[in-house]
Each structure stands twice: as structure tokens, then as C-alpha cells.
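Consider the two complexes below, in which chain A is the common component and chain B and chain C are the respective partners.
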Partner chain A sequence: MSRGGKEQPRGMSRRELLRAVGAAGAGFALGAGGTALSTGTLAARPRREIRDGARDQRVPFYGVHQAGIATPQQEHLHFAAFDLTTKSLEDVRELMRAWTEAGARMCAGEPAGEENTSPFMPPEDTGEALGLRPARLTLTFGFGPTLFEKAGEDRFGIKDSRPEALVEIPPMPGDALEEDSCGGDLGVQACADDPQVAFHAVRNLARIARGTAVMRWSQLGFGRTASTSREQSTPRNLMGFKDGTANIKAEDEELMRRYVWVARGDGPAWMENGTYLVARRIRMFIEVWDRVPLTEQERSIGRHKYSGAPIGAEHEFDPVDLEARDENGDPLIPENSHVRLARENEEQRILRRGYSFTDGMDRERGQLDAGLFFICFQRDPRRQFIPLQRRLARNDLLNEYIRHTGSAIFACPPGAHRGGYVGQILLEGA
Partner chain B sequence: MSRGGKEQPRGMSRRELLRAVGAAGAGFALGAGGTALSTGTLAARPRREIRDGARDQRVPFYGVHQAGIATPQQEHLHFAAFDLTTKSLEDVRELMRAWTEAGARMCAGEPAGEENTSPFMPPEDTGEALGLRPARLTLTFGFGPTLFEKAGEDRFGIKDSRPEALVEIPPMPGDALEEDSCGGDLGVQACADDPQVAFHAVRNLARIARGTAVMRWSQLGFGRTASTSREQSTPRNLMGFKDGTANIKAEDEELMRRYVWVARGDGPAWMENGTYLVARRIRMFIEVWDRVPLTEQERSIGRHKYSGAPIGAEHEFDPVDLEARDENGDPLIPENSHVRLARENEEQRILRRGYSFTDGMDRERGQLDAGLFFICFQRDPRRQFIPLQRRLARNDLLNEYIRHTGSAIFACPPGAHRGGYVGQILLEGA
Partner chain C sequence: MRRTLLPLALVALVLAAGCGGRQIVSSEREVTGGETTAETTGGETTALQISSSPELEEAARGYKEYVATQSTLLADRTEEFVDAVLAGDVERAKELYGPARVPWERIEPVAAQLGEYDPRIDAREGDVPDDEWGGFHRIEKALWVRGTTEGQEEYARRLLRDVRNLQGAIEELELRPVDLVTGSVELLNEVSGSKITGEEERYSHTDLYDIWANVQGSEAAFERLKPALEKEDPALVEEVEAGFDEVYAELERYRRGDGWVSYTKLGEEERRRLSQKVDALAEPLSRVGKVLEE
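Moving on, here comes the complex of A and B:
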């Protein structure tokens, strides 16, 4: 089947045919391996192209890093935070062992446990993902500050292993946090290209945790609001703007090392090759936003809505020129625009991996409770997310249209090797 | 490209290649037209196969019937109920005109309105679906009983046009309805194979309705729990069981005429070729269900979990033999099993078109608030859904694991023709 397309079936354009070949999974492999199609070819495709062919694909669960961080971002999220109900460290170990085992199975497209041979026992898998494909499921586990210390108590005798970088996110100007959507001893990020696959994974982890941990909060996300790979085009968030144009791409290994992965010497050894996850539930007042004139929307963001280009430029990836001025000498990209504030300090770069959400109606306001479930990964939140967000929370023109209602931070340990489990070095007291 | 597969690229099996060709949309057309691939070929495919190729596809908005009923069920739902805030029938007409026009545009993959030429005005589309494909978006509009009469008042002077079949769903045993999730003057079912496309459609309809109607409740659904076409395999609901095996398929035109479409003489002329939509938000206590032994789960449903076959049979589509008995003379399919009760009266058949949902945590119980957003279409709810549900609500073994928390009914008028609008015959007082 050459690009010349002599063999193409009637009614199928060459472009469709190429797409089809890619879609069948023959053309490229995701995960640790490389890609067989050139980046150029893929970049030209419409946004959701990769997803279409991705349902058959598995992302390796085991590895140096946990999956779901450098993995090209999937389209669906089910995030859950859990609180431990046990006082025994051995129970926590047992939970992480069981979650690792079930997680590896589910990411391979298998049921969460071995098939139950007794019809008089509950099934070892809840069943709603039977027959579905792996859909690039990844599970990323993290430890919250309260795992190490809660109300002054060293609950599991691992307080001394707490990384200094695992700080509570300090209060930010304008925060409207609801305690029910904050914190958690353990965090699980399930991402997949099929929402039922992501839901199934979290549900089964919750089932397995029974007696040891209870779910504290959970969040569904539909539609990614960032791209984490050069293979992906930039999606739009619920403000209708392209989001994540300047995001770190996983292919930039130097940037990943510098800004995302914890290095030897950064803190305790158990976090080497791990990273810190910060989640913020950001409600958008979309009904208000929808009544704002286009120019004002663009001035708030600092980019043009349709092209995604910086104000005054033409193309999405044109450089952001913070010095550019209009004929009156005013900055083209306004002083407190999101883009300008976000860029003020190059050392605060983060890997964004957020999702749009809607949780039905906010009955008090008679509006959709919708927005952005922001997730980012970084090497040290004290030097990245926290100062960055503090600056945004103070000045960002967008603040008029958004409100942070949830917040959490988790230390995501490195990946497990086959036979081991996630968090093993921490929990077995290296 | 013959089935012999001589031209297939290296590493691509014949099956993958066939899939790929189908996936590119070259092989079959959905919507009013027929299908080019045989039903047999498609039935053998894994569940989500059709969806993969479906993102480029448009479902015609205009037609004899509204779309989203006989349309092969899409994977994602955003349902919204609205209450009118106006007292003017002309405003209602204007709203349905505007919704029809914007709806037809969005279903064609276009923005909700003409591009706004003034940068000093809010954009005519919220923008988050720019660059996304139509994804088989359908919009199905319905009129609730309160449009005709509310608290005894003939609000818009159309009380006499109310069909007798448009009754309020009577209270059912075990109902735990929350008023916030019930009713509505207008209902909109948005279905698509991309959740952001469905969300975008409802959001823009809400924006357009501003000043005339406000959203009363909304519900996201992920993962269909029925198949409405012989081309689709049977999905699993959150109980892990195949759902909708015996559903009416849109290809069965005789069944559609008999059970779904309103015929001349059934009631007022404005409903001819329309249908009645009943929605029920059914919370599932999945944590309880997950602890129930397999045999008990199967006895509650009346089917085997993995195969979907009726108890005692082998294959999903094996006939349900309600007379079959085991060696002790007990019925193989238990007396109060869901399947037996649902089948007791052949005249109560309905077209099911429901979705799995989760709305995060039920904090009171510390459990996932998840279940089935049940939607069905029928010619007369008085003879179909209502007696059927009354029987189920009284006796169904499943009742231990479910609770109905929301309920609504809407009369869905026939489709509009180009230049007209949905509900025109009713609203212009034929």
C-alpha cells in the first residue's frame, strides 16, 4: 500500500487511507518505544486522531518512571483520592502490592484479578470493562502529606521519610476550596482513551482497598486540556482557547530531567525518578465568560482565540514577544494576561496534564458546574507550581472567571519493576 | 484491496486491515442510509469498533423523525432539562427556532452561529469544539408536561394540544426521587462519540436560551448501556452485565412502527412521527453489588455474567426460556429476576438508549455516586414504560442494589424539515 495510493478502495482518499492504516495500530507504537510515523505527519492531523487508533494499545505499567506522566496524554480521566483507615504499615504495604498487581493487569487489558473459580464468591473483577480494549490505560499512584503526618501524628512511622518538597499547598488569594475536594493520603490518576476503562480501574482499586482505605473524593475528566507529546495537537479548554501550547513535551528529555523527574540528591532516595503531582479543581464561570467580547477574552489570555497565536502574531507556535507594543506604546500582550504571568519565570515550568470536567448543575447559581481539573507534574512544587500559582492568583485577568475549589498534592514514587510494587522503597524502609 | 489481503502492509493482519478500512468511514454510512458491510461482519467486532471510525461522520439533523432515537447509539451523552422563564408563546417559538438552527449547524460540525464579525461582541460559539469532528452528534428535543400546564395554569395557551400519552410518571414503589433531578419544561438529549462535542452542544443551547429558559438539571453519561442497531455489539453496564441484549433494533422497522413512533390517530397531529422519552436516573449501589457472589448476581439478572446468555443457555442471543426448570423443578430463570419480569408482557417493549454515569462521591455513604441514566423511547408510556416499571419496582430482585433518584418525561415531536423548526406544528397552533 504505497503513498501513491494505487490500491486504495473506491471512495477513500489517500489521506483517509493513511489515517486508516495508522488507526489500525500498524503504524506507530506508543509508550517507551519510538514512533514509526514521523512527527510531522502526526502533527498535521486533527486533534483526536491518535486517540482513534489507540484503543488497542497498551502502555507498559512497569518501568523506571510510573506511566501516565510522560505518556502522551489520554482523553479521559478518573482521579480518586483515598484516606487510609488502617493504622498498620503492613496494611499499607499490602494495599500498594495489591494495587500494583491489579493495576498492571488492568493496564494490560485484563481483569483486575484471576478469574474466580467459585460461583459462591464475588467476582474478582467488576466486569464492566470485559470486552473493552486497554485504551492506553495508565495508573499513577501518589502519597499525600497526611500519609507521613496527620494532626502531628507519625501514623505509620515513616515521617522521617517525608520529602521536604512534599509541602501542603499554601492558601492562595481567591481560593474557595471545599474540604471535600482536597487532600488525601493516597492519590490515583487513571487515564485512558475510553472513559469506562478509567472508571473501571478506579472502581476496582476502591474495591480492593476495602477495609484499608476509603475514597475521599473523585473526579471525572473528559477531554484533555494539554498535550504532552509532539505527536499531539493542542486541545481547547472550556474557555474555547487552545491550552498547553507551551507545555513541556515528553520528548524533550532535557526538560523532563530539569523540571519533572526527581533526581538523585533532590531528597530521599525513594523519590528518585519520581515526581510531584499537584491537582487543582478550577471551576470556570463559563456563562459569564460566554458573554465577554472576543477582544476581552483574548486580552485576558494573551492569545488569539481561533489561531492560538500570541496577540499580534499569526500562528500558534509563534514566539511570545512580551516586549511587543502597539502604536500607542502599550504592550500587545497585556500586563496581567495569563500568558505573560505564566511566563515570567522560566524556572517555574511544569508538565501540565489537566482535563475539562462538568459535574452537572451548580443549583445555587443555576449554572453548569464545569471547568478545568488542573494536574501538573514537577520536580519540586516549592520552586515550580507554588510560586507560579501565587503570582497568577494575585494578578491574572482570568481570575474574574475562575475559582479554585479543590487542591491536592501527592509524591509519585518511581515506577515499579515486575515483582515489586509502587512505593516499595519507601514502605519497606530502605 | 481484496479479502485475500495480498496488498496488506507488513505487520498488519487481514482483520486489522479490514477494520482499518471500515474505520476510515469508507465502508459504511450511518444515519438514514443503509450499511455496506454485512451485519455479520460487524456483529463479530469488539464493542467499540464502530465508534472509532465514527468521529468524521455526521448524522443528518433534519428528517421525518428527530435524530438520536433510531440513530445507532453513540458513546457519550449530555442530557439537560430546561425550565422556561418567559410567559410568551412567541418566545418559546423563537427559542425552538434558534435551537433548531444552532442544532443543525452543530450536528454538521459547524459552530453554533455565524462567525461574529465584531471583536467587541461575545463570540457566537463558545469555541471548545473548534477543530473537533462532528462525532455523530445528535440533538433530540422534547416537551415536558409542564410546558402545557403547570400548577393548573395554561401557561402558553397550548393546554388543549397536550397529548393524553404525556402523563407525569406516577410514583413507583421504592422511588427516592430528588426534585432537582426531575421534570423540566424542555428536554435536550445530546449524544456524540466525543464527550466534548456533546458538552459543547448543550452549553451553546443553554447560552442561546438565556433570557427565555434556564437549565434545571443536567446529566453526563459515558458508555452506552444499550445497542440500538444490529451493527453494534451489546455493551456492559456498571453491574458488569451485558445490557440491552433484547433491545429493539432500529433496523426492525416493524417494531419501530409498533413500539416507538407515534402514528396518525394516536393523539394530536403534531406528534405524528414523534415519540415519548422517559428518563430515569438509577443509582446503583455498586459497592454492595461487588460483594455479591456471582451466582446471586446472575440470579438477580436472569442471565450469565460473562456470556450474557440466559441462565441455563450458552450464548447471548439464545432464546430466553421462561419455562425451563432445573432438576428440582425450580425455574432456571428465577421468578423475580429482571429478565423474567421485563419480558412478562410483549406489548410493553421499549427502545432503550441509556448511559452509565458517575457523579463523583456520595459523601454520606462514602461511595461512588454511579449508575445508569436510563432513557427509553416509546409510542405510549401509559402502555409501555409505566406498567413495565411498576412491575419491576414491585418485584425485581435488582431493587436491592438500585434506587431511582431522577425521573422525567418528554414528548419528542417529529423531525423538522429544512427551513422549519422542531415543534413548529405544535407551537404555531396547527
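Moving on, here comes the complex of A and C:
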């Protein structure tokens, strides 16, 4: 029956051939009618040796804290929220185990799974990151409120482990939230200096989750809108202003302890060394903003556009003097400016780690669908993000140019240790 | 380039280097006395032996029977449908349209291997030049858009002829285990690719008949591979079966009487949920190919 020929390719053992065929990049023709698998010209197996300098591009996956929080912020983001479709806690454990394992591999610049040597099965790794640098990929996992309780139901028997700080973000004035850009049982933040590396990570995690969880929403981000390290310069957001000048920097360990990391006694033990992630998809009406005169733009923000200095000051890092007045006795930094409202309460400081985004064109308006995918980390959102955002939502002069269209909160457990997995203490009730 | 004679039903799938996309590359084929002559492109062809076992042989035999039964059912139902069109009975024709297509959708990947049958029977508007366009969807448009059978008589007669010829071709077809593996996944890919958006049955909105049939056809192939797979990977069998259960349970929500609700009744969220369940099934199903390894 096998008239397609049975001969082995010259100079290659069958196993070698299988391996070559299984690897991405090799071409083969499959003669379904015969017993023969015809192979075309065989490309050399792509090798994954790490290039020079790539070692420095790896951020350790394992540690006391999850990576992607205190890590100096990378340039690109792919965020995804998932809903669990399983009813079994064991499946959730299995998923977190598999995600941890694949995540650690990918952050080390390796493919998500073992190399596939079977020509009859799809490769375990999807392949588009082969040959790319690790690009400082980090993966940060979080648990949403609905993991613990959904529609009054204790889905996995872990309701009692829900931290009090893991509250639903209450409605804010001016919210225009779209249900399908909100919430999620699980959140995954992938950050990298190469967008394809970040995309690859989320794609492969979504694939691993299939049958256990489905993607609920996903957001790509380009261009960081904060600096989280003193090594970094302050980037600009899509309004053209420097963003994140006064951000907490990872080097300020005291501030990180005080405002970001959950401490012993804050809540359930499984969250110690973890943190809470709040994400808001903030659409900017940039066409409108672009018609606003410079002075008005600066008054809305409270800073000068080009220098980034507080109004009335000269340099970006000059102290913000909220008391300064102009010749008429009016505050130099207006009452409802973003800067003033954002820093009115020192106890509400957060670690911002947002990204600019665009999802192409808004077909209804014919305008760019673009803005800020705001991400922040904090020790307790009830004392930090929520009161801060409530104040901003009521008064901020910027509200005229923005709409919050998406919202989510996740409890990010501490980092995993080699051999363990992220969320293990919660899911195994240690 | 080397000329290779391969049996009928040749699908040359090529994972093109560097893009990973699947393309059919059998560049020329002619049906001559039950054999297909094909030329594969891409340089010298070499070959690998695929594992063969009594279980796999049995699987191929059993699936062949299934395909034959379905092709007979297709011919019977198409005849009823065509009769209604020829009788000018629009309502009756509309009623019979969805069910007539079900056996087709169950075995489509196999039928699609047999030369021109797929475009003749199942081309959608725009797939082929308008003067060559016939088959189910041409009549579908007349029935639902213009509400008439007028002018469809020739298309109807031709459709019945094609379906009967297909039935004959399938009797002579030899199927190999690998056809079951690729076919079962392809049927689900059909659902994810073009069915879930409602583009397949854009006038009649009978997409749920097609989707249900695709899933059944996929299951039929899987069921026959199961004995071989049980030995190799019982956990995978369990996973796939659970996946089928989930998809069927989801589909059940839309059953009405002997048939299915109009696909327009499904909102974006419902379509997405169905799509994600199909993906959840197709993922483990795509690993079933391991039974072919030696």
C-alpha cells in the first residue's frame, strides 16, 4: 500500500528525522492516503543557544516575591485575565503547577515545554520565541475575588482564605466599564522588552489552561508609563506628559515594605510577601486632548509638559509645592489638578507599573482607541487605590479626557520556590 | 521534483518552513480510475513509516464504514431536499436543508480530499466564480433571500448528481489511521474557523446543524481510535471524552424539537462560550496523533 516509498533520508537516523520534523521550522508533507510520511527538504533544527549578553536579560522567576513587581519596568506588556471552567480545586492546583513550570522555563529563555519529537502531534511550544532573547520576561500571577466566591458560591472551598483586602473595586463616578473587560478568576501579567516574547508567554499559558480556564479579556501594552527603578528615566504617557516621576522606586526598600508588600499579620498567611494588583483600562480621548492649549494641559496635570517639573518649578524632580501661589493668590498647582489630587494623602501611595495601549481604531467614533492600561501594586487597596481613585474620579481635571473602561483586582501571592508553585500555600491550605 | 504515485485521498499537508502554516501543496491532481496522481512540491520527498497495528487497522475499517453510511444518508436526504426544490415547495425545502447537510458536515474532511466535490457541493458565495457557483449554498440563498425555488432546478439536479457520485467515490476510498487523526481535529477547526461566526450559513442561519454534525463526525473518528489510545494514554482518552461531553452539553441549550434554534439567537457571549469549549476539546484531541508513533 505504501507506494510513497519507505526509504530513509540519506545520512539521518529515523529518530533524528523525527526530531527535525517535530521541531518548528521543518517542512514535511503528510501522505494521508498511504502509510508514508513524505518529508520535504529538512531544515536544520533550530538551536536555542543563548546569545551573548542574554544571561543579563533573564529575570529570576523564583524568589520571595513574584517577579514583575519590583523588577525595573520592561517596555512591553501582555496582560490576560482568565475564568476557571473547572469545578475542581485539584484542577486549579494542576494549572498553577503547570503555569509555574512553563513560566519558569520561558523566563529563562527556554520553550514552554519539552521539545516535541512526534510528527503526529503539534509541538508543545508554539515556536515564535525561538531564537529571541529572554528580553527580561517576567510573569506575575494573581487571584481575583471570584476565585473565592462567585454569585455567593464557595466554588473551590477556599472562601475562608479570601483576604479582606481583596475587595471588588467599588463603582467610581464617571466609570464606563465594559463588563467583558473587567474581573477574572486569574490574572497574568507578562512583561518583556520584546513584545513577541510577552505575547508568546501569554499564548502558551492560555494553551496550557485550555480545558481548565478560558481567557476572559486580554490587553497588550506598549511603552511603559512609569519608572520603577532609579536606573530608569521617566517615560511619557500618551498625553505627552512624563508619568511616574514620584513613583515608588524598587530601591526604596522601606517604601516597598510600607506600601507594596503584604506583611505578616496583614491578613491570611498565604499572602505574606505578596501584593495586590489593580488594573484599570483607561481610554484617553486623545483627539480632544490634542486640541487643548498647552497651559490648560499643564494646569490639568499640574506639571510642565516639556520639563516635567511641577508648575512653577524648573526641574522634573523639584519638590511639588502645593502651597505655592501666583500673584492673585491662587494656587500655582490648581486645586483639581492630577498631581495635587494624587498626592494629597501620603498614606495612599502605590507602585505604578502601567503601559500605554492602543487597540486600533474605535469604529464608532473613528478615533484612536488608545490610552493607559493602568496597573498598580499595593499592600491594601482599601487604604490605597480605592480612596485615591475615588478622589480623582470626583475632581480630577483630567476626567474630561479619559474614561475608565476596564477594571480588575488580583491578589498576587508571594513568589514560588524551586519545586513549588505560585499560590501553593493557598491552594494546599498549608 | 520527483513524481510520486500515491493512493487516492492524498492530502499533502506541509508545515511550511518558518511559518508553521498548513497548506495543501498537492499542486496537481487528476482523478483517473480511482487513483489520484499527485505531485508534491518542496524538493526531494523522503518517507517515514507510520506505526501500524491491528487496532489501528480496525479503527480505519470502522471509520470507513461510518463514512460510507453517512454518504448514503447524505444522498437520501439530499434527494428529499432536491425533490422539494423541484416541486417548488419553498417551506419544505427550507425545513429539509439543515438536516440534509448534517451527514455532509460529519464527513467533510474526507469528502474534501476527493477532488472537486467540496467546491461543487459546499462552496459559499464568492469561493468560486459566480458562473461556477452551485451546490447547497446557492440554493440556500435563493430560498432564504429571495424566498423562491425558481431558477434553482438545475443547481438542485446537479447537487444530487454530485452527492451520488461522492457516495460512489467513497465506496472505493481507502482510509488510513492518520486520516482519522487529522480528520477529527480538522472537523473541530472547521467549527472554530468558519462556523462559530455564522458565516457558513449566512442566509439560513442553520449553523448549529453544521456545528453539531462537525462535533459528531470528530467524535466518530475519535471513538474508533480509542481502543489504541486507551493502551497508550488513558488519561488523554478521559480528557477528550470530558471535552466532548462539555461541548454537547453546551449545544443542548440550543436544541429545539428535532433541530436547532437559528444561529442569530446566540449572542456574542454565547458564541464565545461555545467556541472556547470547542477549543478546550480540540487541544487534547490534537495530541491523539501519538497513537501513530511506533
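The definition used in the following text is that the second predicted complex is superposed on the first by the 374 of 430 C-alpha atoms of A that agree within 3 Å, B and C clash if a C-alpha of one lies under 4 Å from a C-alpha of the other, contacts with A are read in each partner's own complex, and residues count from 1 in each chain.
The rule we apply is simple: a residue touches a chain if its C-beta (ideal position, glycine included) is under 8 Å from a C-beta of that chain, and two chains touch if they have at least 3 such contacts.
Everything numeric in this text was worked out from a predicted model, so none of it was measured.
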item: Partner chain in contact with A:F241 - chain B first, chain C second, else both or neither; value: first
item: Which superposed partner A:G360 touches (first chain B, second chain C, both, neither); value: first
item: Chain B versus chain C as contact partner of A:D266, first or second or both or neither; value: neither
item: Touching partner for A:T85 - first (chain B), second (chain C), both, neither; value: second
item: Contacts of A:V292 with chain B and chain C, given as first, second, both or neither; value: first
item: First, second, both or neither for A:M121, with chain B first and chain C second; value: both
item: Contacts of A:R203 with chain B and chain C, given as first, second, both or neither; value: first
item: Touched partner set for A:V214, first chain B, second chain C, both or neither; value: both
item: If touched residues of chain A are counted for chain B and for chain C, the larger one; value: B
item: Touched partner set for A:D252, first chain B, second chain C, both or neither; value: neither
item: Common interface residues of chain A - those touching chain B in one complex and chain C in the other; value: 1, 7-9, 17, 21, 24-26, 118-122, 127, 180, 207, 210, 214-215
item: Complex interface listing, chain B residues touching chain A; value: 1, 7-9, 11-12, 16-17, 19-21, 23-26, 46-48, 52-53, 55, 76, 78, 116, 118-123, 125-133, 180, 194-196, 199, 203, 206-207, 210, 214-220, 222-223, 233, 236-241, 286-287, 290-295, 297, 305-306, 356, 358-361, 363, 366-368, 370
item: Of chain A, residues touching chain C in the complex; value: 1-9, 14, 17-18, 21, 24-41, 43, 85, 118-122, 127, 180, 207, 210-211, 214-215
item: Chain A-facing residues of chain C, complex; value: 4-18, 20, 25, 36, 40, 42-50, 52, 113, 174, 176, 178-179, 181-182, 239, 242-243, 246, 269, 276-277, 279-281, 283-284, 286-287, 289-290, 292-293
